[in-house]
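As structure tokens, here come the structures.
Okay, so chain A shows up in both of these, paired with chain B first and chain C after.
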Partner chain A sequence: MKMQGLSLETIPPIHIPFRFFLTAPWMGIVAGLALLLGSDQAFSSQWTPELRAVTHLLTLGFMAMVMLGAMFQLVPVISGHLIPGGTKVAGLVHVLLSVGVLLLVAGFYWQAYALMGWAALLLLLAFAVFLLALATLLRHRIGGDSIFSIRFAALALLTTVGLGLWLSASYAGLTTPPALANKATVHMAWGIGGWVLLLVMGASYQVIPMFHVTPSYPSLLARGLPTTVFVSLLTLTLVQLPEVQALAVLAFCAAAMTYAIFSIHLLGQRKRKLADITARFWRLSLVCLLLSALLATGLYFTDDPLPSPGIRHQLQVVLGTLMIYGFAISVIMGMLQKIVPFLSYLHLQRSCLSNFALLKTLPHMGEIIPASRSRWQFNLHIAALLTLLAGITTDQATTPAAILVTADFAWLSFSLISATALYHNTAQRITSSGG
Partner chain B sequence: MPVEITLDASAMEPPEPFDRATEILRQLAPGHYLRMLHRRVPHPLFDFCREMSLSHCVIGGEASAYEIIIYYPADEPALRQEGVL
Partner chain C sequence: MTTISAFMQDNHRQCDELYAAAEEAVANQEWERADKLWQAFADQLEVHITEREEGRLFPALEAAGGPGNPVRMMRMEHEQIRALVAQMVDALAAREQQQFLGLGETLLLLTQQHNMKEENILYPIMDQYIADQLAHLP
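Let's look at the complex of A and B:
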């Protein structure tokens, strides 16, 4: 007899992940509006106030918001232990993160750096509470390949937040900036290349085989890739020797490319070849990861044969767009199309346990977010991504890109609110029927 | 001799294995048992089994990752005798 690392006994109440999932698209909408109301030159460099505000709305407001909600859901289920503090901890993290992100973004957008001290304090508290709660779960020596990668992701988050808070405090004039070469690049590398990539890796080891009926990731690969990513980032941060840095960049990019190619190959082995929007989001995301790794390698090893230094800045913005909007946001949007209906259905099933006749009256999982709505999400998302990339090369595309980004997140918000309403109506009906 | 009903869920996407299994279990008669082939351990189904007072056993399978046997507790001796459990 063998058991697998999933425990549904420790499934948290649905409102814990859902409060994060429902808030996140609003941050994306604000990002779209900030681009729309900002200057046409927003994409001219990664340092414009608009782009820094938009980047943090997307990375902290959208991506971290969903990821924290998903971690509050996933880690108890795969580690078999409840979150210490439960609802109170999740509620506190949610409020601190929401207010902290808005203050930080206001600080960037209006260059009101005094706000950043407050933002730093709130974000410090949000991540400290989250990481403390997570650390108590992750210290248990169980959970398999997913937890192995998530442990590295948590350490990468700690480093990202530490560097980010230090940078925020230095903007606010509270301290001197960290004595690191390329400190903002190091902060971004740990955030996107560390926390996001490692967390996506860890989650994919569970969700790709489970939802898409594919073979599992081989354990050697599932553990080797996150280890390579983490060690490469550590080396890039701590060792300044050019030869060692070059080796670390190569190792990091090779790991990201191997992960992308192997995952695309796994998705090609789906036992059922039915059209599936989440699988399309995964493929889009993995292709963007592959392109990002190739571009990062090219940028690092090309000294400056490009016709204009402006192009190098633009290519850096292309890299950030591919990693954030193309890789991370695509995979998050795709997973939400699957996870929100799955969690709703799972909780509704459990509430029917004392009246089995009600099971037949439950909405099918496919009705919670209808396939047609998910297809619109994919089309809007890919249009927004392509227009954003176009916006980097021509100012004329900035307004269409901003409108499409706003529409992309507004559509997501509509889908999630509709799904939640359907869940609550059904749960209420079950309760009143004596379920 | 207990009668086997087989459900191969190894190529089904969630929540189809749960839906198909609960449909069978709601009509399961004493003397019958369900052998479910699955690539994962279907934990939500065990809550359903508990509520229906059915027993279950998870076996590392040959053809698929897991075989889950769901049966009436009264049939356990017969299932053991037959080598099912």
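Let's look at the complex of A and C:
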């Protein structure tokens, strides 16, 4: 084991993760408003301009924004090494990602494809800087099961971003599109099925046993699942033989289902019996993953019998909604309810080092984001998810869905801003009393 | 043959389970049961951090020339854990349920990230430097 430069006090300054966490809900609010102001036909297929804009606001603007912020926080703590470049690198990635997403989304929404070249450039820089910083950390340790899965996630992100950049450059007329069958589907599969699923897997190996006091994931399963996911995606991308493709789809869906079922089973064994909103968000998320895997298998293997292509398109949108809003966003919202209060407390505690008496005056986690506020988040989120699903089948639900999505993210934003304000007020009080 | 890592990791899980039981009793407002379960947890925590780590493993690692910085850091985090535990003792005595549970959530996360550093970094170092200490642990 390499111990040089190893330091256990490596926690990054709080403004690094928080700038990502505080920006992310605004992207969700914009997504809700885009749905509200868009046409009623937004959900008719996954290729409508509104839906492409909304999808990228949610995946890049919200999900990637939070995930990158969390990685800037988590990886130094797990590996014992600070990210090279520190605050400057994180600040740069944050600005590039924020502006890049907005340009990309504007390009989709108004079909102003010239913007997409600029978007591609900014996003390329954002992810390149992030992945380089991450790569220097990931090579430090051979690491546990979490890092094993996160490495695959980083490779999947690289593939997703690579394909996405190529696609947006071809929209902008800068290049020809990649010579791949179903290139947009491949891009989505690597993004949602690769980067998001693998990162959630890697994170869950740490946080489910830790936060909820459950048994650990067995190592064989913890490594076998991400390997299966990655190899199936690679096979789907590179091998065009129908039999091999079918096998890869089956293997991928089986891995996703096994992961979901096993995780639900673990949560059922948790030693902490308290009602816990984060655990409820996890369950919701895993159930959506399970339904998505079933639906994806169904869609792949029932090519012809479906009555009309319209229904097929709708089911694909249902699949996307289940994976993005049901699986990924649920788990992220659940984690934020714990991570933000905990990081606030951790940093406040560090500032009391020279005056231990002040520790007793710190707000505990239940005061930073009150349980009642988290419960509202869960209720709003599940209502938004259900009306979104209803909105895909009936146009009447589109407006309520858009309003609920906006409310869901607005509530998150309110919770996070209140938590940050409490943090700053307490930090000031500590400074003025000589902490 | 077991290692310091395996033994101390098991001890972490044992503390977690004792804590979860005490927390559940508080959540159900079964205060007398909570007092007993909390005491069982506090005793085990004391054995773990005061007797095993600070009393035995940390000094042995330092004497064997192991890295001093992580050990110093772990001692400081033990102080933070003790401060939070002291607050929880007060909350339990005063039967302040919400205060206890909010502090408990904080304690759990604080100890979990502390455990993660010990389990991923410090205990494996101990297995290299002072494997023989396992036999002498209280």
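The criterion applied here is as follows: the second predicted complex is superposed on the first by the 426 of 435 C-alpha atoms of A that agree within 3 Å, B and C clash if a C-alpha of one lies under 4 Å from a C-alpha of the other, contacts with A are read in each partner's own complex, and residues count from 1 in each chain.
In this text, contacts are C-beta pairs under 8 Å (C-beta built on N, C-alpha and C of every residue); 3 or more make two chains touch, one makes a residue touch a chain.
Computed from a predicted model, the values in this text were never measured in an experiment.
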First, second, both or neither for A:E367, with chain B first and chain C second: second
Partner chain(s) touched by A:L359 [first = chain B, second = chain C, both, neither]: both
First (chain B), second (chain C), both or neither touched by A:G391: neither
First, second, both or neither for A:M210, with chain B first and chain C second: both
Touching partner for A:G69 - first (chain B), second (chain C), both, neither: neither
First, second, both or neither for A:R272, with chain B first and chain C second: both
First (chain B), second (chain C), both or neither touched by A:G100: neither
Partner chain in contact with A:G144 - chain B first, chain C second, else both or neither: second
Residue contacts on chain A - larger count, chain B or chain C: C
First (chain B), second (chain C), both or neither touched by A:F342: both
Chain C-contacting residues of chain A that also contact chain B: 1, 3, 6-9, 210-211, 213, 271-272, 342, 345-346, 349, 353, 356, 359, 365
Parts of chain A lying in touch with chain B, wherever the complex brings them together: 1-4, 6-9, 209-213, 271-272, 342, 345-346, 349-350, 353-354, 356, 359, 365
Residues on chain C engaged by chain A in the complex (per definition of touch): 16-17, 19-21, 23-24, 27, 67, 69-70, 73-74, 76, 79-80, 83-84, 87, 98-99, 101-103, 105-106, 108-110, 112-113, 115-117, 120-122, 124-125, 128
List of chain B residues in touch with chain A within their complex: 10-15, 18, 22, 26, 39-41, 43-44, 47-48, 51-52, 57-60, 66
Parts of chain A lying in touch with chain C, wherever the complex brings them together: 1, 3, 6-9, 77-78, 80, 144, 206, 210-211, 213, 271-274, 338, 341-342, 345-346, 349, 353, 356, 359-360, 364-367
